[in-house]
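What follows is a single structure, and I will ask about it in a moment.
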Amino acid sequence: MTEHATRLLDVAGLTIGLRAGGEERVLVDGVDLHLDLGETIGIVGESGSGKSLSVRSLLQLLPAGFTATGAAQLSGVNVLTASERDMRRVRGRQASMILQDPFTMLNPLMRVGRHLEEVLREKPQYRAMSKPERAAEVLRRLEEVGITDPSVARRYPFQLSGGMRQRVGIAATLATDPALIIADEPTTALDAVTQQEILELLISIQRQRHMSMIMITHDLRVAFAACDRVYVMYAGAMMEAGPSDELSRSPRHPYTLGLLASEPPLDRRLARLPVIKGELPSVRAREVGCRFADRCEWAVPACSEETVRLAPIGDDRASACLRVDEIGSDLAARFETVEHGAEEPALQDLSAPVIVSLDGVSKQYGHGSGAVTALADVSLTIRQGQAVALVGESGSGKTTLGRCLVGLESVTQGAAEVFGIDITQGSRLPRTDVRAWRSKVQYVFQDPYSSLNPRMTIGQTLAEAGRQAALFGDTRVLSVEEVLERVGLRPQYAARRPSALSGGERQRVAIGRALALNPELLICDEPVSALDVSVQAQVLNLLNDIRRETGIALLFITHDLAVVRQVADTVYVLEKGRVVETGSAEILDSPTSGYTKQLLEAVPRTSSDWLGKRSQMGKS
Amino acid sequence: MTLRSTLRYVLGRLAGAAVLLVVYSFGIYSLLALAPGDPVRLLLGNLPATPETMDAIRARYNLDDPFFVQYWNWLTDALHLDLGQSVLTGQDVSSAIMERAGVTVQLGLLTFLITMGLGIPLGMLAGLRRGRFADRLVSQLAMFSVSAPSFAVGILLIIVFAGQLNWLPSIGAGEGGADRFRHLVLPAVALSTATIALVVRYTRTAVIEVAGQDYIIAARARGVKPSRLLFNYVLRNSLVPVITAAGVVLSFVMVGAVVVEATFALPGLGSLLVSAVQQKDLPIVQGVTLVIAATVFLINLVTDLAYLAVDPRIAVDGASR
Amino acid sequence: GSSSDDSPGGDHSDSTLTIATSGIRSMDPARQYDQPALWVNGLALEGLIKLDSTGKVQPALATKVDNPDPLTYVYTLREGVKFWNGAEVTTDDVVYSLTRYQDETAQTASKYASVDTIKATGPMEVTVTLKQADSSWQYTPAYAGQIVEKKFAEEHDKDLGGPGVLTMGTGPWQPKDFNSSAGMTFVKNDAWWGAPEAGDDFKESWKTVKLVFAAAVPGAAAVRAGDVDGVVGGDGTAFSSGSSVKLTKAPTETLGYLTLLTDKGPLADVHVRRALAHLVDREAIIKSALKGFGDPATQMVSERVWTDLPEDEVAAAYDQIENLDYDVDAAKAELEQSEYNGEKIVAEVISTYPSFVRATEILKEEAAKIGLEIEIKGLPGAEWLTNSSNHTTEMTVSTYSSLSPDPNFYPNTLMRADGIPVGGSNYANLDAPGLDGFVRSASTAKAQSKEQLEAVVGALKANASQAAYIPIYTQQAVFAHDPKLSFDGFSQYAMGSPYPLYVK
Amino acid sequence: MSIETTAGTEAPAPLAFRAARRRRRRLPSIAVLLSIAYLACIVVAGVFGPLLVPHANVQSLTDGLQGMSSQHWLGTDDLGRDIFERVVLGARTALYGPLLIALGAFVIGCVLGLTAGYVGGIPGGIIMRWVDLMYALPGVLVAIVAIGVLGGGYWVAVAVIMILSAPYDTRLVRAVTIEQKGRPYVEAARTLGMSRSRVMFRHLLPNVLPLAVSQAFLSFAFALINLSALSFLGLGSTPGSADWGTMLAESQASLLDNPLIAIGPALAIIFAAVSVNVLGDYVFDRLSTKEGRND
């Protein structure tokens, strides 16, 4: 695969800067990468690492103000410096791109068919066609991406589901038959089952047409399953590159190792998830040294002083670690312990008193014909100190259930008791009961970016929670410092405002605010789904620590089964507002409901059989 | 949105507007009844206003009924499209309005054309060249003119173009097509300073917003032609907010005309209203305000219908609204 | 102006005269009776008699007026006069028209207050009998007695004279088109009865006369720009020197005066009123508020109106009247005699009349000099009028137009005792010993006679001592026009006649 | 349909695009500095005007309609009064009325808007029907009719315009409140068991303020323009008073002969309105970025 005749893309020293307010920020720094005809490469990295910018620069699609330097030869054209005229011949014909969000990728005012037709018309062989012929071609191409209903061509994008839209997007992207498809997180916004379908579709088309593909994702498992080779990016710089299976088996860069390690395993529960310390750095001016040095266990002073670039380390692999030779064995050993990390059984005490009991609970939004049933006949129990996970795909009613338990929504039917308080009474509850309820049940929201009042400092937010606790008659009110300490933040954070905090830190504060009331039940609604893997692991560990220390009960809402495995004693699986399966966390090993099986099936796995067609690929 | 639901929607809106107009007319009627000053006194001219004469006049012009009866009579007549007669001239209010509407409508249309014709292209230019010189220039100008009151601008225009340069007539409406046009240029320019700025800002924002959307990037990546991108993607998608601007502009022009007509001594609806207000010619005041209010309602309705035509998404939401 | 190629005095018979003038609402004098309307109606509508440019009574639709006794006026109609539609003018039309103006709801009603009956007393004879002698009646048919066709008027009882309906008269120009916001068009009536008498004046006169309704300022702009041939009306303030427009001016009996309420508020003290009267700086007001288009008025009735008496006789009589001249020291002296306690005097003024506002401002400043405090309150027209006729206005500057040279016009309107109750036109509530008697004898005396002069002077003396109505200026009529045009005999009265005849 | 159309108002610069235009700026631009300087002058002139130009209203009938000179910077009007001094004096009505209107509408808007947005229910319904009614009316028109027939001068005009402006504030505050109330930080406050008024005034209000304050600047400009438009039409301010709108209206007769009479007040109004808007934009930028907003 090293013959130059088959080389499609060769990027060397790609650097992307943004001039803003008089200072130049380097967002992508000296990226090297190459791609052969018919090959699929993956670029992985946490959010903000510069993946999207890098590939957009290849089509000169950077937003205004960005400049890209370096060299990028695509079929013999330097696409970084080519004129707009030349680029018009590159875009669509040489390379085309699929974007992350299917909901914004299509022109909302244009019918689906038109999206394809307008690109088809650009190509000589289609321009000659008559109208009906072209319409037939549009339908044929929609069929290719699995849309067999011809009426779809006449619909508007907003009338389609996310998966359908992404299929249309793919069809439109492929309509010009480009040699290279760039897929920028094509499945991140989709649920697991649809993600699997779309990835399978992309891979199969790519193989059939012998196209090349760059797949961007932040999910290592997806990259390993779908790509021949994988590049790992961190904070604007390339850290490591290599063939999928090798990289997944033997990372040669501390960051790759950390990333692999923080991925919670689906098949066993770890006592503690391995974490990368610290948080993603914010992008600043160009700096020398390894960008990962701050967070690296193996860093030595030289790491911060010498310029590092991706360097080959033998057959088709490359690493940007200065000490790659010295620490190689260390990394291998560490990886071994991660792979076979200590397993911890789920603990549960089925004799503990019941604190939440729902019996035949239903919840409807709205009235009459527009009513939506979010929960139907749900029964659920939570015992003191128990960790209960609520799983299900998007729209299955998980959030609704959680909100009912804290009184943000009211139950429409059924019996619901929380700490012996009948919460179906809603606003008719006596004041004392409301206070008891509030002080015992607290909630952590999914989006850490808007769950803190932006106008209040962290200290004010936490102090206010303490004030509430005192109001409710709590005698052991925690001070702001104590709360910060409990969630692993330094006391100095009290003076900051939310905007000066990273997502992970905000989520810690939100958890702290809830804990300030010394609740007995904490409801966490997807508390980690907006966070990067390295931070996700930290927050999950924090929650487990708190549980161990305080014996608090947890209702953990998530759609990620691997996370369920890490936190839950008992699992409830929701489908369209109904509980379809319930039991201890072991049901993940032997699900009985078809729905649960389907959910498990769709969880990305590095192993080769996850994306069905992959097994047939021949490796030379 | 089906034709039927569109129709139902339009009828619903019209019914709502009708209720509002009734409430509105009642408000103005009461205001006029409560206000000091009496139109009868004007009807008398130089006659001594003895109680007998006043009564005789009131009887002659049906001004002697109790307030609610008067209002009720007015309302029932208005429902038959009879807005009554001017107290002072006996002229049908509707014909007085028709007489004056011409100038106002022409002024409005000219202003609208200038506004849209300049505002949209300038807004697009600024939006597409965001942050560059053209953008900064246009945005600064817009910032300046959006807040300039039309009558003050009008006075300055008169001084410069009619007084100093003597290019255009300063006042009056002129007669015939070309002459009328010459007379309406300055008023229309005065009226459109603020509205152009409004349209520029709306358009610029819309274009910037749309140009940053994923579907534009995706389309460029697919190699969609630049001309198609500009018209089918950027322009069409920017149109929705621009329609809002168009609606705002039209209603603004209807109302702003009142002041501009005073500035340029144009015999339009606005000056009719102002003089009627001063003379307490109640039927005229009622008639003109209602016509203007109804026009504003209609403009809003048409704007909303234009959204339906432009944006299929709203069509569906609108139906279930 | 399509006239620009015509040399003065040339043949205009195919051309158009375009005049800007104040807009009117109606051509029906019963509905609109004021100077602007008269100046429009004069083109088209005629009365039994008319006033010549000096204000003297001349025959019109009546060839002869007999006045056998002070209470009886017998009018002999002219033979063969036709309305524009060809119908002959009959006694029926005359009686109908005059009776219409007599109706109590007509704006002209006060002019007919002394009329008892209006009857046809012969095939071509109409007799008006009065309840009591009334010296003004001799002028009334000229400006408040335009004859319209009975049939036409009855068909349009509610909106006669209005836009769309127009009217049916006998004059030299017939209105064809009336848009109350834009203007009117008049077309020459070649069958006019007066054509032979007017001769070439009429034959060569304008085929079409276009009136453009415009306020003073736009009108001035239009004539400057050459959009119209001339402007009439307005108070001339819109013109200033140095423009290429020619101004023809004449005095009028439109009087600008100050009304001071005599029985309420701080002005109830006669010394305060007299102090104010001494503060009226007529020269300054005419210069600054009227831009010079006015003549100072020292008396409420100008000496000019005495058309039939020798000037020196009139002057001698006027000398007996006290002149409250501009004299700040005199004002101070008056104020010292008063019990003025510093209370504010509220001056109400129609906010849309700049000259009134300016005059009041000037007065305010003068008053401040001697410690009189005036507060100016701007009001919309209707409210101002209501307050005035309720006699609650403490002080105001306004104008009143006498449309004829009737010497008793102002005394009879403003100073009668029966005008004092609310609604009456004695806005100052002026009452003085003997005053009412003077006013009444000025009415019953023969018009323009010595007796009338004595009576009027008596009334003016009473007013002057009470300082209730303070004359300030008489307005000038201004005809601003293309320098190529001329207007011989331009006067206030000429403007109420078919004046395009004289515009050449 | 979610897009709102506003019935005619004198330049209702929509906040939507203002929000989109916001940029982080370190230093105020020259335009902002000039605006601040100009408004400062207006404030000084408005407060101390009679002291600064004690002779502004003194007539000098022999010196009418003079041109520019070192003695009379902008010449004199027909009564011989110094136009520049009168423009300075006119700052008074250009300042107090609009200020009162902006503050009044701001307070009414915040209280009613927060109530309608957060409490909702019957009080919210009543408030919004009222707002809808006022919104459907062409405000300037109502002001002209109301002030024209009611008379009563400047302060009545101020009251009428305040009532006409308040719905804009109310609607805006309500919209922002509804948008914010669904945010987790508000829900978190509720799950912490805070009282309704505490949530409204401690949590929602500070987040509503940037837009409301920015709207207050708009109201100020709106009020300034409309008050002077009314004076211009002969409604509102006392005739002959040193009010910019009145001065403009009364300049009309001499406009072509003596443009100076009009230029002073016309530019004074235009610059004032522009400055208020420029400053409003700037304050909005600062308020919404300084204290940090959730991205």
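Which chain is which? They are A, B, C and D, in the order written, and residues in each are numbered from 1.
The definition used in the following text is that a contact is a pair of C-beta atoms (placed from the backbone, for glycine too) under 8 Å apart; a residue touches a chain by one contact, two chains touch by 3 or more.
As the structure is a prediction and not an experimental result, all values here were calculated from the model.
Trainee: Contact counts by the stated rule: is the higher one at B-D or A-B?
Mentor: Output for the comparison: B-D.
Trainee: Using C-alpha centroids, which chain lies at the maximum separation from chain A?
Mentor: When every chain centre is compared against chain A, the largest gap points to C.
Trainee: CA centre of chain B versus CA centre of chain D: separation in Å?
Mentor: Distance between chain centres: 21 Å.
Trainee: Per the centroid of Cα atoms for each chain, what is the distance between chain A and chain B, given in Å?
Mentor: Averaging C-alpha atoms per chain gives centres 51 Å apart.
Trainee: Rounded to the nearest whole Å, what is the centre-to-centre distance of chain C and chain D, using the mean of the C-alpha atoms as each centre?
Mentor: Chain centroid spacing, chain C to chain D, equals 46 Å.
Trainee: I'd like to verify one number: the distance from the centre of chain A to the centre of chain D, where each centre is the average of its C-alpha atoms, in whole angstrom.
Mentor: Comparing mean C-alpha positions, chain D is 47 Å from chain A.
Trainee: If I count partner chains per residue in chain C, which residues reach a count of at least 2?
Mentor: Residues 217, 221, 352, 379-380, 383 of chain C each touch two or more of the other chains.
Trainee: Where in chain D do residues touch two or more other chains at once?
Mentor: 148-149, 151, 234, 252, 255-256
Trainee: If you go through all the chains, which pairs of them touch?
Mentor: Pairs of chains that touch one another: A-B, A-D, B-C, B-D, C-D.
Trainee: If we count contacts the way the header does, which residues on chain C are in touch with chain D in the complex?
Mentor: 216-217, 221, 224, 237-238, 240, 242, 281, 284, 287-289, 291, 349, 351-352, 354, 357-358, 360-362, 365, 376-380, 383
Trainee: For a test of understanding, state which residues of chain D touch chain C in their complex under the given definition.
Mentor: Listed in rising order, the residues of chain D that touch chain C are 57-59, 61, 64, 78-80, 148-149, 151, 153, 234-235, 238-241, 250, 252-257.
Trainee: Where on chain C is chain B touching in the complex?
Mentor: My answer: residues 25-26, 31-34, 104-105, 107-110, 158-159, 162-164, 179-182, 212-215, 217-218, 221-222, 225, 227, 352, 379-387, 389, 400, 413, 419, 421-425.
Trainee: Spell out the part of chain A that touches chain D in their complex, as residue ranges.
Mentor: For chain A paired with chain D, touching residues are 21, 406-408, 434-435, 438-439, 441-443, 445-447, 449-456, 464-465, 468, 471-472, 497-500, 510, 513, 517.
Trainee: If we count contacts the way the header does, which residues on chain D are in touch with chain A in the complex?
Mentor: The touching residues are 24, 26, 183-185, 187-194, 202-203, 206-207, 291-295.
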